[in-house]
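Next up: the structures, one after another.
Each of the next two complexes has chain A plus one other chain: chain B in the first, chain C in the second.
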Partner chain A sequence: MGPVELLHMSVFSQSFSPCGRFLAAGNNYGEIAVFSLSAALSPDASQASQKPILNFTAHDGPVFSLLSTDTHLLSAGNGEISAWSWAELIKKSTKAAWTRKPSYETSLEIPEINAMIINPKDNSLIVGGGDNNIHIMDMETGIFKSVLKGHTDYIHCLCFKEREEEILSGGEDGAVRIWDSRTNRPVHCIEVFKYEECARPQFGKWISCLATDSDWMLCGGGPSLSLWHLRSMSPTSVFPLPGCQREAVFYQDLIMSVGEGPHVSHCLHGGTVKAQIPCTPSSLNTLALNLKNTEHRVMTVGGSSHQIDVFTNFSYRAFSLSF
Partner chain B sequence: MSSDAVKKRKPKVIRNETGTPETKRGRAEGDQLSAVSSHVKFRKVRLRQVQVTYPAGPHLIGQRKLFTAKTQAVRVYNEEVELEARDPQQDYMLYKDTCAALAKLMAEIQELKAGGAKVGSVEIEERRTQCSVHFITLKKLNRLAHMRLKKGRDQTHEAKQRVDVLHLQLQNLLYEVMHLQKEIGKCLEFRSQHEEIELVSEEEFFQEAPAEISRPHVTRDDQHQLTLARLDWELEQRKRLAEQYKMSLARKEKIQKAIEQKREYLSSLQPGLQNIMQASLPVQEYLAIPFEHMQKQAEVSRHLPPPLYVLLVQAGAYGQACDKNLSVSISGDVDEAKALSRPPEDSQDDESDSDAEEEQQNTKRRRATVGVQLDDKRKEMLRRHPLSLCVDLKCKDGSILHLFFYYLMNLNILTVKTKVSTTTDLSGAVSAGELLNSESLLNCLYTSDHGKETPNPANRYQFDKVGITTFADYVSDLGHPYVWMQKLGGLQFSSDSALTGSALSASHMERTMKLLRGRLQARLALHKQFSSLEHSIIPVSSECQHLFPAKVVSGLMRWTMMSYQEFTELGFVQHVLKAGLVRETDLFFMAVVERGTARLLAAVVMNPRYPEVAPLFSLSLHWKGERSGRTDDNLQAMESEVNVFRSELQGPRPGLQLLTNQIQRLCVCLDVYLETESQVCDGSEGPKEFPREKMCLRTAR
Partner chain C sequence: MSIKFFRIVQCAFWRMGSITDDEVIRKRLLIDGDGAGDDRRINVLMKSFTKWCHSNFSPEEGFSQYQRMLTSLAQCEFSMGKTLLVYDMNLKEMENYEAIYADIERSITSAHEKIAECKKEIQRAKRIRKNRQEYDALARVIKQHPDRHETLKQLEALDRELQQLSHIKENVEDKLELRKKQFHVLLTTIQELQQTLENDEKMESDDTQESSMENGD
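Moving on, here comes the complex of A and B:
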């Protein structure tokens, strides 16, 4: 990892460990780095504790998506999903537990996997990627149960509504599709760019971030970040954020989103942007909140830099972990 | 009684003077005779009628008879004999009595006289007579006393004489004893020369010496004889050895003469051999065995200073063994080199001496200024050895890299000057001026080997003495002292490896030669590329065409060179500067790619070690506003495309196409970007191209 490579590194995905003491981050060179949060947050943290405790090459292509189950870390890159046991990773062993590939129609090029979520109800893994389809895999058996087709362009993000057991997917084609996970059928399709208040044609129509909180849905990307009421299927508030947002989450009564531009935006449900916290990368790709562990309740953001900013108090940047 | 009467009583008196010792015996007798006449003279005075005999000479004791004309027997009154018979104590009593009687008589006379007696009265006369008798007695006693005294003295004297004689004898004897003792001592101390001769030990002697010399039956008992025998044997042996020595000398002389003769013969052969050599020259050339040439070179190389010699040997060996296109030759003034090597200690380290000499000279001439003196000292310090090595590296395309190696004697470092000669004419590339500049051609052959500072730490002290602050000022004149060169010459200045001398040189030779050749080729290729780049043509060779799609619309508009100063002033390169990837020794260029209204500025940082270290691109796009790699993710993607994925763009070995391929890729990326961007916005640009997967990040379209 020479200095030139470091200069051009981008962090695409993050995931906290089930115990909440470790953070895994994936970058555009296919590497996954595991950081020890407890070491970095401890009072006698030093320069060395901001370096990963383990850094290994997981995939050939960039690691676009990381997901943690109770025991494993799932990573998806160029068309294949690998699972790594957290216990093994903490012990610095880099042998994958398993590696699976959803069946793709074309074998010309291997589509990348952009998003993964877990359906806790029936313990299945939902992946969406470059082949415009959503694949559902059973975690125990590892068999890909079903394929949800509907998107006309590749899928950027996935989201799961627990109460209704619905899968939301947003893609390059600008549509947010809602699927029923039990029947595997599309329920709704919202074309966000068709709504004038959200649409931003200069950026395109693609949806790159989705988040739900019971009845509410956040989506953004080419169109501005907007809060939708799902029952009425209409946008309630539109957030005037300049760049394209790539990830957004609900947190208590705030909405936090990251995207183009070197800051994390805190927004209120009403549609106002409360604060924009500056951070080191020039544009951000991923935001993660460590809610499982009360001790290390941090927010980490990563983007087009080899550094991952850590926020202990969500209002300002505390320090940075670096690859 | 009158004195006359007394005198008359003794008519013939033999009077002797009290004599002196025995040696006057003869005279004494004569004196006796003369004493008679003197008696007559002194009759009135002397009352004494004494015959004294000398104490010595027993024959004189006793009565002596005086021989006169008449046979008159003279009775000699010998008072001496009488003296022996008398007792001194009695005499003393007699004396006292006499004195008393005399006193009494005197008193009586006094009385009588006082009583009125007459002067010539009988009683007084009687008493006077008695007094006179008493006086005579007294006189006799006095005489006796004197005689006793004299006798005593004489006896003492005689005894003393005897004692003296004996004493003398004793002393004589003592002297003699001492003398003898000394002589004995001397004899004992006498070191005969024979003891200084080292003799063989006794056992050897008895073993080796023939019986007639050793005579064991005699010598075993007698030490003296043994020593003599051994000396004899020694002498014999020495004589024998002397004989042998003479013979050996004679032989040596003969052999010497023989050698001389042979030498002359050989030297007479020399001109003949020379002729043969001359005649064989054309044969050598024909057969391509430069025997003569190599001999000549070997001759000259003997005068090379050690580092240059090591370099010569190693380079020559390498050239013979591995690399046919490497050739080494020596150039320079051999006579000067010979002159240098003749006085063994040149002024290499004797700074103070040369300074002293210089100062003397200066005072002899007019007083030179301090500056001139310092200058002279500096020149002296920076003096080059008159011989230099020329190494030629030939490349396949005919261009040659000439390296001239010089040795700075006082500083003990090697420097190099370069020259490139090519078959084709290199011109028309303005930006390439720096490339083949001899100053910077060999910059950073190994990382951070700038060749501006001297690698010998000892030089720092030498510089301080003559006031040179940086060596860099003299580099252009004297050549660059690169570290790899010192290693090639076997000079080791850092404590990294334990190799010195030839081993060090050999270990570095191959790598350095390869690097040099690679450097030359890279630079030449770059030169060619630059000349076409300046004409806005990106020269992509046929091997690399497959890396790019067939149709590329964006074109290179401009290619210029920048200085380090200008580079640092650019806004969009700060991240590169901050990351510490740029150094002053790098070369900086600016490329402008245009398509339609969009202009892409690319600042290129090229490390002198191209193509091992890839050029670094920083992009800034002017199209509907200004974006740079920092602000726009797509531009960053383009940058990483060109910077990070450079291994694909290397092209065929040795990867000299890297730069042009990178530029071509930039154009392609720009195409894609513009087309996809504009697709979204207003679709005014050209036909859609299929975006390759690489460009499809989450954020790209």
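Moving on, here comes the complex of A and C:
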């Protein structure tokens, strides 16, 4: 990997292993790198422990989405989903467990897959991508059992509400659609750009990040990042963040979001921006929190750089892992 | 230890060769034959005591020797007392240190517990803060909508107006019915009268026709 390629690398997706000791990251060259967190966080960590323990090419196109189940790492690139066993990856074997494609209507162009989530209730995988539809695949059999149609433009992000078993999807058409996962029917459609307080017409109407916490939902992208109360379907707070936010999560009493701009923003539910922590990449695409393992409880962010910043205390950058 | 020293010195003198062994041995034993310090004092005391018992001293010499032995004994006792005190002191210091050690251990564990407590407190406080924030956010949205009492009052006023208007409508309808009926009565009476008049006319014309027919016959 030459210096020019390193310069142009962007990290699009990240996922922690089920044990919480490894981090997998996918970049725009189709490579997945596995980093050992226990080595990087140990007291005698060195420069070498910040390099990946395994780096392989997983897809032809960029790896837009990574997801970890209890045993496997799922990666999605241009239209296909591959599964890699974590146990095998830790042993540095790069053979995929399986590769599947959702059934697309046109076989001419292969749409990319932008987001994947797991529905734990019925063990199904929900993917959304460039063909404007959401495909649901049963994890055990591998059959794509249903398609949710409704969006008029490609889907950026997906989210799942555990309590009501609803799927939320946000897309380029500016609509956040809520689907019931049991009946596969649309329940609501919120067009965020139509609300004056959130809309930012200079950026567009696309929704690129969605997060949900029981009754509350965060959505942002072209319109400002805003907190919505889902019962009343009304925006309660709008966050005054300058750029377009690409990923946001709820964490304890804070909301953390990353997007354009070399910082991670910490916000409160009331609508105030509490802090902006600087990072190395000039703009960030993905944020991941390792909550499964209490020893390696870190937050990692990646974006337009070959470096992935690791935060042990969420208020400042500890060190960077590098592709 | 004195033997070793003697041996070393013996080796050195062998090299030199000029002084005989006996001389060396005698010299060493004279200086260092009894051991060092307290040990030496005790040995010297023992030797002088045996010498004093066995030899014939003149009374003054014997007495002075006796005095010397007493002082030596006193010195030995003094040094022993000192060592005993030091030993006691060391024991007490050890106990003291053990106590401090145990104390520090206890405070470490209690500090750990306090830290865990504080962490729980922080989690609780964060949850409370999040709930408050959510509450505030919802309250803001709710405030934007108009007050419930006002809306209720408006609804009541509208209700009353509606009732009044329907009352009026009822009245008007009743009146309309009444007038309709009155007109109906009037019209039927007129029609009946017309009918009777026509009948009468017809009867009259029939009568005249009959009379003219009779006349013509």
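We adopt the following convention: the second predicted complex is superposed on the first by the 323 of 323 C-alpha atoms of A that agree within 3 Å, B and C clash if a C-alpha of one lies under 4 Å from a C-alpha of the other, contacts with A are read in each partner's own complex, and residues count from 1 in each chain.
As a working rule, a contact is a pair of C-beta atoms (placed from the backbone, for glycine too) under 8 Å apart; a residue touches a chain by one contact, two chains touch by 3 or more.
Treat the numbers as computed from the prediction; the structure is a model and nothing was measured.
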{"item": "Fit-or-clash call for chain B and chain C when the two complexes are aligned on chain A", "value": "fit"}
{"item": "Contacts of A:Leu227 with chain B and chain C, given as first, second, both or neither", "value": "second"}
{"item": "Partner chain(s) touched by A:Gln252 [first = chain B, second = chain C, both, neither]", "value": "second"}
{"item": "Touching partner for A:Phe16 - first (chain B), second (chain C), both, neither", "value": "neither"}
{"item": "Which of chain B and chain C A:Phe311 touches, first, second, both or neither", "value": "neither"}
{"item": "Partner with the higher number of touched chain A residues, chain C or chain B", "value": "B"}
{"item": "Centroid geometry (CA): angle chain B/chain A/chain C, rounded to a multiple of 10 degrees", "value": "100"}
{"item": "Touching partner for A:Phe193 - first (chain B), second (chain C), both, neither", "value": "neither"}
{"item": "Partner chain(s) touched by A:Trp216 [first = chain B, second = chain C, both, neither]", "value": "second"}
{"item": "First, second, both or neither for A:Phe203, with chain B first and chain C second", "value": "first"}
{"item": "First, second, both or neither for A:Gly270, with chain B first and chain C second", "value": "second"}
{"item": "Touching partner for A:Phe239 - first (chain B), second (chain C), both, neither", "value": "neither"}
{"item": "Chain C versus chain B - closest C-alpha approach in the superposed model, Å", "value": "30"}
{"item": "Footprint overlap on chain A, where chain B in one structure and chain C in the other make contact", "value": "none"}
{"item": "Contacting residues of chain A [partner chain B, same complex]", "value": "3-8, 10, 12, 28, 62, 64, 109, 112, 114, 130, 156, 172, 201-204, 206, 208, 244, 246, 260, 282-283, 285, 304"}
{"item": "Touching residues (chain side chain C, partner chain A) in the complex", "value": "123, 126-127, 129-130, 133-134, 136-138, 140-141"}
{"item": "Chain A to chain C touching residues, read off their complex", "value": "216, 227, 229, 232, 234-237, 252-253, 268-271"}
{"item": "Interfacial residue positions of chain B with respect to chain A in the complex", "value": "575-576, 579-581, 614, 616, 630-631, 633, 636, 639-640, 643-644, 680-681, 693, 696-699, 701"}
